[in-house]
Each structure stands twice: as structure tokens, then as C-alpha cells.
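Notes follow the structure.
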Amino acid sequence: MSDIAHLGPIELLTPEAERSLAFFVDVMGMEIEGREGGSVYLRGWGDYQRYSLKLTESEDSGMAACGLRATSLDALRRRVAAVEGTGLGEGWGDGGRGRGPTYRFRDPDGHRFELYYEVERYEPPEHLRPSLKNQPQRYTGRGAAVKRLDHLNVLAADVRACRVFAVEALDYRLYERIELDDGSEAGAWLSATIAAHELIYTRDAHRANGRLHHVAFWVDTREECLRAADLFLDNDIHIEAAPSKHAIAQGFFLYAIEPGGNRIEVTTGGRFVFDPDEPTVVWTEAERAKGQAWGVKTVESFHTYGTPPVAGTSDDQRP
Amino acid sequence: MSDIAHLGPIELLTPEAERSLAFFVDVMGMEIEGREGGSVYLRGWGDYQRYSLKLTESEDSGMAACGLRATSLDALRRRVAAVEGTGLGEGWGDGGRGRGPTYRFRDPDGHRFELYYEVERYEPPEHLRPSLKNQPQRYTGRGAAVKRLDHLNVLAADVRACRVFAVEALDYRLYERIELDDGSEAGAWLSATIAAHELIYTRDAHRANGRLHHVAFWVDTREECLRAADLFLDNDIHIEAAPSKHAIAQGFFLYAIEPGGNRIEVTTGGRFVFDPDEPTVVWTEAERAKGQAWGVKTVESFHTYGTPPVAGTSDDQRP
Amino acid sequence: MSDIAHLGPIELLTPEAERSLAFFVDVMGMEIEGREGGSVYLRGWGDYQRYSLKLTESEDSGMAACGLRATSLDALRRRVAAVEGTGLGEGWGDGGRGRGPTYRFRDPDGHRFELYYEVERYEPPEHLRPSLKNQPQRYTGRGAAVKRLDHLNVLAADVRACRVFAVEALDYRLYERIELDDGSEAGAWLSATIAAHELIYTRDAHRANGRLHHVAFWVDTREECLRAADLFLDNDIHIEAAPSKHAIAQGFFLYAIEPGGNRIEVTTGGRFVFDPDEPTVVWTEAERAKGQAWGVKTVESFHTYGTPPVAGTSDDQRP
Amino acid sequence: MSDIAHLGPIELLTPEAERSLAFFVDVMGMEIEGREGGSVYLRGWGDYQRYSLKLTESEDSGMAACGLRATSLDALRRRVAAVEGTGLGEGWGDGGRGRGPTYRFRDPDGHRFELYYEVERYEPPEHLRPSLKNQPQRYTGRGAAVKRLDHLNVLAADVRACRVFAVEALDYRLYERIELDDGSEAGAWLSATIAAHELIYTRDAHRANGRLHHVAFWVDTREECLRAADLFLDNDIHIEAAPSKHAIAQGFFLYAIEPGGNRIEVTTGGRFVFDPDEPTVVWTEAERAKGQAWGVKTVESFHTYGTPPVAGTSDDQRP
């Protein structure tokens, strides 16, 4: 129903390029699809595009850009027109590796996005050819063996402005949100499909702009989240939040900090929203204070840390 | 992107009303939402509508009708117009319990469907109120504790005619299909969302019309399919096909025959289709002969048995 | 190799008899095997004895006694002789429902135990007869559907004295223990089989005596622990510690407080110890400070709360 | 209670040394502990010994020998005396890599076993050091990532003679067995611990001697069996029997044929036998005809194929 098919690829910045790459390949189990300049293109075994993650060496951590694939050329034109209407558009550019033209813009908080429609489907080399023809790539099982890019959570100084923009200009649906006692918004969970969340805005504790909270990769089962935790443990990856179940969206999570400093989630589950008129679920401050679904208190850094870290801020320490 | 939000409720017929009801309540773990005449209205704990299954006492087994909820009033009008254009429409009627007006029609094989848009959302009574507000009902965990209606597989003498109708008149997308060596079609897997299948047509071995292959209910994990098999075993429910993984759509399955004779599936998993231009996967006769994903040979009755059984046919025995 | 086959039945005391019973039957999914006086006898579907839990109405919570089944009559005599040698024996008594004579004694911390050998095997009534003959009872799947009593964790003012007693008088093996920087012992994990723990002593923060930390019931999969958490949530059972993995013994856990105040665990996993000469693993204070296996910080009440609560102690609040 | 702690290491023969090694390392996820002559020593991440599998290049497939570790020196002496009493002993030899002296003998069907007590515990190199000190090796997660050797199933022309020998000379307990209508024995499930099976004898359909049915490796969860099936599929390993649940012992299984021709199982689950007087479960011919726990018919080759194959026998084809 939305003009957006899905988000991605995402370009992630890392000051520890080599160690970050080792993490995504050996621990997350992604494949290197190619390299260009200071970037490496990575994919999960279930990604239908050539890549879903572009990892780029940089002085800082954080997200450089997030692609948004439209469902058709018409849908793309509609979204570009809507974004242009907000005055946040930046114009057309070359989509880069495996993509047609992209229309670049920034959301109200300054995160860069790229709208596009044309894209190349992945063609696996011989050693990665799958046995089942409805699967883009062989399942190698290496590391956490994430299947595909799932969702993005960015921080915003003004959550409300961003979620209104996402709904009106980007055609996302708002499934759940947090409204604090003072009426301000602390988080918004948006989706372009029946999946419970694809694009999430949560409040930046430092009122900084354009920062990343986390990038989430999908696995098919909760057992794979538990298994990923064992792998993180034995690969000296810092687990920020051990596997458990979110109250919001009911997704199963595992959060870790990759060597470059960015927060990464391994996720599965979550509810499907089949009702085209699903009312938005609004969580209160008191409800959020209960912690996650099974009462796990959210670790403090989860509320404060983002990338790139805010310079000179003592409470934005990397967990 | 489709005009259809989802299918359901489904009306199922049973000559063993009491035993079928006990199966859906005690073994499948559904709740009785209400009773009217010879029908009982049932729901999974994750169904947002009041009910997803209407179980009706009858001389024969089989499916009486399948609802199709449109995404909006406009979408409903478009679909009704498209169906009317095929000459298969039967006209508007009362939607019955918890639904607005429905437009009835038959697919080219004679199965009855009901298009509608207006619907009442479920309001749980006190003892079924959930702890998490993004969940329609409390999780009781009784029996297999199916979450919601997932998909429908009907048999058809002419699969191709039905799938063309589903794509053109109903706005479904065709994700996978089987084409035999003689060029005929043996199966079509269609969906209105990113889920790998919602409406399936497979060839009726007896070239009969309007028959049901199976109705599938969703659980969130493969472990729940395995657990359901243990429950079926200890409740004397005939397991036709033990839990395993399909090659087509990659769903995880468990098939059983409910006391009224209808085939029921407990399902989870399956791939998501995020590419708006996903090419249809076409399986050949040789590929299908390999069995399911892990080499399990499909049990013979799966290819021949449907409900209602074909009178006087020796090879349409209930498994 | 040990003279002890396993522990249990355990007699648990509750000041909320009716609500505790509802918890064990409806939420934990145990069966009522019988009632006598103010006690109800309960069993998991995999317990081979008639019952593994005796729930007794009482003014206080806590554990009244824990049975210890010897592997043979000779083994029983050896253990009785060894206990008598410590001066802690109390003499023979009637084993009660379904058991032969029991020899009663108290461990150095005052917990009551009962050694016995003779026992009646469970014979299921018709409606609980299993399909597989190597299973004592039908799998009903009700609630968390715990399979059997697994292990016992009692608190002790002097952990070292208790674990020495358990090894020398009771023939348990010591697999893991905690030694604090001051040389004192904070915990001991003992077993009579290859299972990683069956009897656990941890330090009583209040230096009280004879108190219970928790009784653990087994499920076969981690998914069943996660499912149990959903059931606890929707049945208003306080979850003290959400499902995660212990570092010690590597068991998977879910801790909750039953209505009578006793801490209950739903557990699975853990390592098997096949080496007859397995060296005891000694955990340091620093290692314990890291939390559980995946870095989950242990909730404070876990270190302080036991049953019965210590009267007049402000920090022994029920979680 | 038994004089035997566990079985293993097992020496497996393969005419396809290189491909078999690739299978055990890349697909099963075992580590190479060392090489000597034409043999490679392999281990699972949870094996406490240096190795549990010795893979030896040979003209034929099959099992060369199976170690049996006694629980103590006294236990070893008792077992050696008992075996000598049967006339099947062959005398003491060098235990080879990481083991003290071994006493070699053959069971009544001619399979070679090696009794021993002294053994070296595994010391991981730096890159395989685990995070949790109660774990012998780091969890790499490579391939199916089997944890340890679990059990052995050998074929025998005379099952009864072998199981009597295992009970009387080797101190195993008989938990389950199959007795056909003609009174002959078709299978015996024996264990030295609470695990439901460690040593299995099933009837050799060809009345050949000394053949192997399968060697089983343990994983902690059923989900890992399902995952292993996906890995086998995408690594062109022939799956003989897809994941499902056995009726006997209730273990969860996945059977495949490794490149050298030997049948390999990935297993988990199964019941624990805590009753020291557990009556042996006897399965009848009719009960076995029902197939596995959930009604899966056992594939024919499972009843006929063993290694080494019987020369010139048309129905002993490799599956």
C-alpha cells in the first residue's frame, strides 16, 4: 500500500575499517559483494539486491545514508515530489553500484536518505549458488549468518517532526509511538509493509542531529539470536543488551557495539500488521518504565549512546 | 501495494461439529468468540478481527466461503468492478457477524469468496485482556495456541485459470508456481503482501471443483510446530505430514486431518518478498520430484485428498 | 557413580495455598496427583514418580523437606550410615504417599532432607495415558508444561560446610563453585549425575538458616522458557529474571515468584559432565561481577531474597 | 552407577579421506586437533578430551574402533576382568594420542572396542580459548557446530548376544529394545548414564558382522538440527532422513551420509532416565511399524545400509 518497498542499502561509517569488516564478515556472517574506494559492499544470504550494507572508512562512526526503494517509477516520482514539497530535497544523483538514479534528501533531523527505484538483482557466483531457487544465495551458516537488512533506528532531536515527515512525505505508516507525560514524543515506529517496524525514530538524549541509534539485521528464529549472543561472547564483541523481547513491536533483540562504535541489532519476530486501519499504539511514560516485555530494564546506554558520539559529552560514552 | 489486505474469515464445514470444535478449541487453542445457529466463531490470540474461522455443522466437509478484506473502500470498489467484469460476481449481501456489506463471487473453480472492507476490531473480555497493548488478546498457551489464520490452499481443476483470475481480478501477486513437463500448471502461490503465500491453488487430482486442500494457522516459531505435533500425537489427531520445511515458499509445516475431515496446517517461517519486481519462481516437474526442502517425500494423500471427498473415488480416502 | 539417583519430591510451603495451587496447575501446567490433609501432590508430565512436588498450606513460605532417592538399598544404607556419622541424622520415618521408609536428617544449615529408596512408579489414569510408551504421562501442553522437577537451590549461612557435607555424606560431586576474594565461598553447584547441577548452595545474605532460594522445573527447550515468560506475563506472575543464560553451569533460566512467595525457575540446557575426573570450576568475585553469560546483570533481589523471608529485614523484600 | 563414563573416541574409516575431512571440519564444524600418519584427530567444541573422532584413510568405510572410558582405575580393572571372562579380550595396548593404556576386545559381533581410563584433557590454543571457563573450547559456530560425540549405533547379526554382553561385561543399562513377533531382537538401546542412549545395537539386515549403522554428534537444540539440514542441503550432503523425532528414546535426529559413505547423525533431546530401576521399554513389531514419533515412515535404506557395505549385495546401496 505504501510507495516504499523497503529501506536499504545503508552506508555505515567506521573509524576501524578493518575490524568492522571482520565483524560483519566473520561474526555477522555477511558476504563481501565488492569493494570500491574506501568502501566494502556487504550482503546477507537473503538480500535480493547485490548489497544491503556499504561499509565506509571514516574519521567518525555513524550512518552516511539510507536508501529507500520505491515500489515503481510512478511511486518514485510521487515520493520525490512530496519530498521536494517539504524543501528538504537535494536533487538527483548517480545511484552508485547496482542502482539507477537516486534522489537525495535529508529528513528534518538531517539524516541523509536516497530514493530510487531501479536496482540490479544479485547473481551469486558458483560457490554461493543456493540449492533452493527461491533463495538468492547459498546459506553458509558462518557466524550469526544474518539473512538480510531489517530495519533502521535513527535518533532525532524532534521525533514528532520526523515521524510526520516519514508519514506524509515518505508514505510510511505509524504503528506505535511513545508519548511522555509532558506531551512530547520519545519514539515512533514506522513501516511501509506488514512488518511491525522498518524505520524508527527515537529521541536523541543530547538533542544532537543526524545520529544513528542502530542498524538491525534479520535472522529467522529466536534461537539464532541466542546463538549470535554466544558468538559475540566468544568473539569479544561487546553485548549491550542480551537477547530478550521488546514490548514495543514485540521484536526479539540482541544489541551489540561493532568495533567501529555503531550499535548493531540481530533481530527476529515482531508482530505483523494486517489491518489496513490499525490504530497507532501509544505507549505512556509509565508503561515504558516497566522495561521490556518480560520486565528487563533497558540498559542506560541504550537511552543515551548514538553514533557519532557527541564530542565532549561525558554521558555519551561507548558502552 | 495490493487492494487486498488479507484473507479471512474462512467458513469451514464439518459433519462432526462437536469433535471439530473440540479440536479447534482444545488442540489448536482457539477461543470461541460466539455462536449463531449451527456455527461457532473462532479466533487465534493474534487475530485483530473478532474471528477468523467460522465452523459450521454440515453434511459434508469442505470450505463454504473465504472472506477477502480490501484495504479501503476505494480498493473494495475496484475489486468488485474487476470481479464483475469477469462475470463471476454474485452480488452484495450482509457481511454477518462483525462485518459490513460483502460482495460475493465464485472463482473460476467455484470456490465462494466474499469481498468486504468494514469490520469490527476484537475487544477482549476481562479474562482475555492482554498485558501488552499491541496484542489483541491474552496469550493463553492452550494447545497449539495458534496465533492467527495464515493462508488458504484450495484445489482447482484448472490452476492457470484461477491464478490469472487471482492476479487480474483480485490484485494478488504470483510468487511461485509449478509447471509440469506438459506445460500444464500444478500449483500457484499468491500473496497480497510480503508474506510468501496467502492464497494457493493446486491441481485437483480428481478434476473436481470447489474443493479445499487446507487451511493454515500461524505460530511464531518452528518449535511451536514441533510442540503442536506432540499435542496432536497425544490427542489422537492424525498427523498426515510431520513437521518439516517446504521447498516452495520455504514455510515450515505440520499437516493434520481435523475430526471433520478437513486438512489443517500449523505453519511458520517462509520467505518475505520485498522486491516489488520479484520474478515468479517456476518449479519444474523434476524439481518437485525431489520432495520437500530437506528431501522428505510428500505423502501420497497430500496429492489426492481434499474436502469434501469425491464420492465413489477409491483413491480419495481420508488419510 | 553416586549413591544418589536424584532429588525430590520437594515439599513447598505456601501461605497462599489456593493461589499457589492455581499457579502450579494452570501456569506451570502440573497435574494434581492427589490431596491429603492440607497438602496437594503435583507432578510434571515427565516425572516417573507419582509426584515431585508436595504443596502444603502453611503460615510461612519456604521448603519443608527435600527427598533424596538412593540408587539401591545398599546405597541407601551407605548414605544413612554416612549421615549418622555426622550427627545430623534424625531417624527413620514413614515415607508417606508412594514411598517406602525415609531417613530424615538436616544439612549443616538446617534444611530437612529425606533419604529413601523404595518408591511407586506413576500409573496414569486413562485421560492422561501417553501415546509413546517411554513417557510416563500424556503431554497436555497446559501452561508452561514443565516436564519434571530438575534442581534445588537452598541458601546457607556457611556454604562451605554444606557442600563438604553434600560431597562426603551425600555422595554428590562438586562441579562449580564461587570463591570470593576473602576466601569465603558464595556458592556451590553439586550433582549426582552428568547434569551440571542438581543441588545448589548459595550464601544467605542475611546469614539466616534453612531458607530456600528456588526450586527449578525442567522444560526440554529454550523456546519453552521464552514461552513460559509470555505465560507468566499474561497471568500476572512476577518475573524476577527474564529468560537468559547462566555463566555458571550454562543453564537457561526464567525466574519468577509464585503467589506464595517462593522463587520458581523454569530451566533447560546446561552442560553435561562426562569426565569422571572433571576438575571443579572455581569462579572468582571479579568473574561473577560480569553478570550472566551474555552480560545480563543479576537483579539485586536474586542475591538477597529467600523464603521464608527474614522477619524485620528491610532488604529482604519480596521482589 | 556404571563403570563406564562414556564412549569415544571413535575411529572412522573413509575411502574419501579429503572429502570426509572437509565434511567434518566445514560442514559439521569440528576442529582438527592433530594429524598422525593417515589419520586426522577431530573434536567438537564441547569435547573435554583432546579428540572424539579419529578419521582414518582406508580402502573401506566403517568403524575401526570405539573407545570406552572407565570411571576409575578400579572400574577399568573390573571391566577388563569381565571382558576377559567372556573370552573376547585381545589384550593391552598403547592408547595412542592423549590416552593411557587401552585394553582391546571385540564384542560378540566383532566390533573392536578399547577400554581405558587415563586421558589428557584438552587445552585450547589461544585462538580457541573460550570466554566461559566451564567450556573446553571456544564456540566457533562454523557449520553445524556439533558440540561433542554423543552415541554410537552398530549393526549386529545377533542383537541379543551383543546387548547381553554390553550389560554383563560392559556394565551398560538396557533402556529400550525391539522384540519382533518371532521373539527375535531387532534393536537394543543401552546407556551408562541418565542419557537415553549411548550404545545402540540394531539388526544387520544382511547378517554381516562388525558393521556400523551411524555415529551421532550432539547439538544443544532442535533448532540446530534444523539449521544443520539447511547446511547439508547447501553443501550437497545427502540427507537420508530429515529432522524429526524418534519414538524410541525420543531423540531428535538428522541423518546424512558423509562423503566416505558412513551414516552420520546430528542429534539432540531424548529423555533422561533418573529411575535406577527403570523398567526396559519393549517395542513390538506393530508399534515399530507406526514409524517415528510423529508418524514419519523410516526410509528403507535406514533398515538395510551400513558400512562397510556388503559386497555384491544389491540392496545395500548407499542412499
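Read from first to last, the chains carry the letters A, B, C and D; within each, the first residue is number 1.
The rule we apply is simple: contacts are C-beta pairs under 8 Å (C-beta built on N, C-alpha and C of every residue); 3 or more make two chains touch, one makes a residue touch a chain.
Fair warning: this is a prediction, and the values are worked out from it, not measured in the lab.
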item: Any chain in contact with chain B as well as chain C; value: A, D
item: Which of C-D and B-D has more C-beta contact pairs; value: C-D
item: Between chain D and chain C, distance of the C-alpha-averaged centres to the nearest whole Å; value: 33
item: Gap in Å, rounded to a whole number, between the CA centres of chain D and chain B; value: 43
item: Multi-chain contact residues (two or more partners), chain B; value: 132, 221-223, 230, 233, 293
item: Contact set on chain A toward chain B in their complex; value: 1-2, 5-6, 46, 48-49, 69, 71-72, 121, 132-135, 176, 193-195, 220-223, 247-250, 269, 271-272, 274-276, 278-279, 281, 283, 287, 293
item: Touch list for chain C against partner chain B, complex; value: 130-132, 138-144, 221, 223-224, 227, 230-231, 233-234, 236
item: Parts of chain A lying in touch with chain C, wherever the complex brings them together; value: 222-223, 226, 229-230, 232-233, 239, 242-245, 292-296
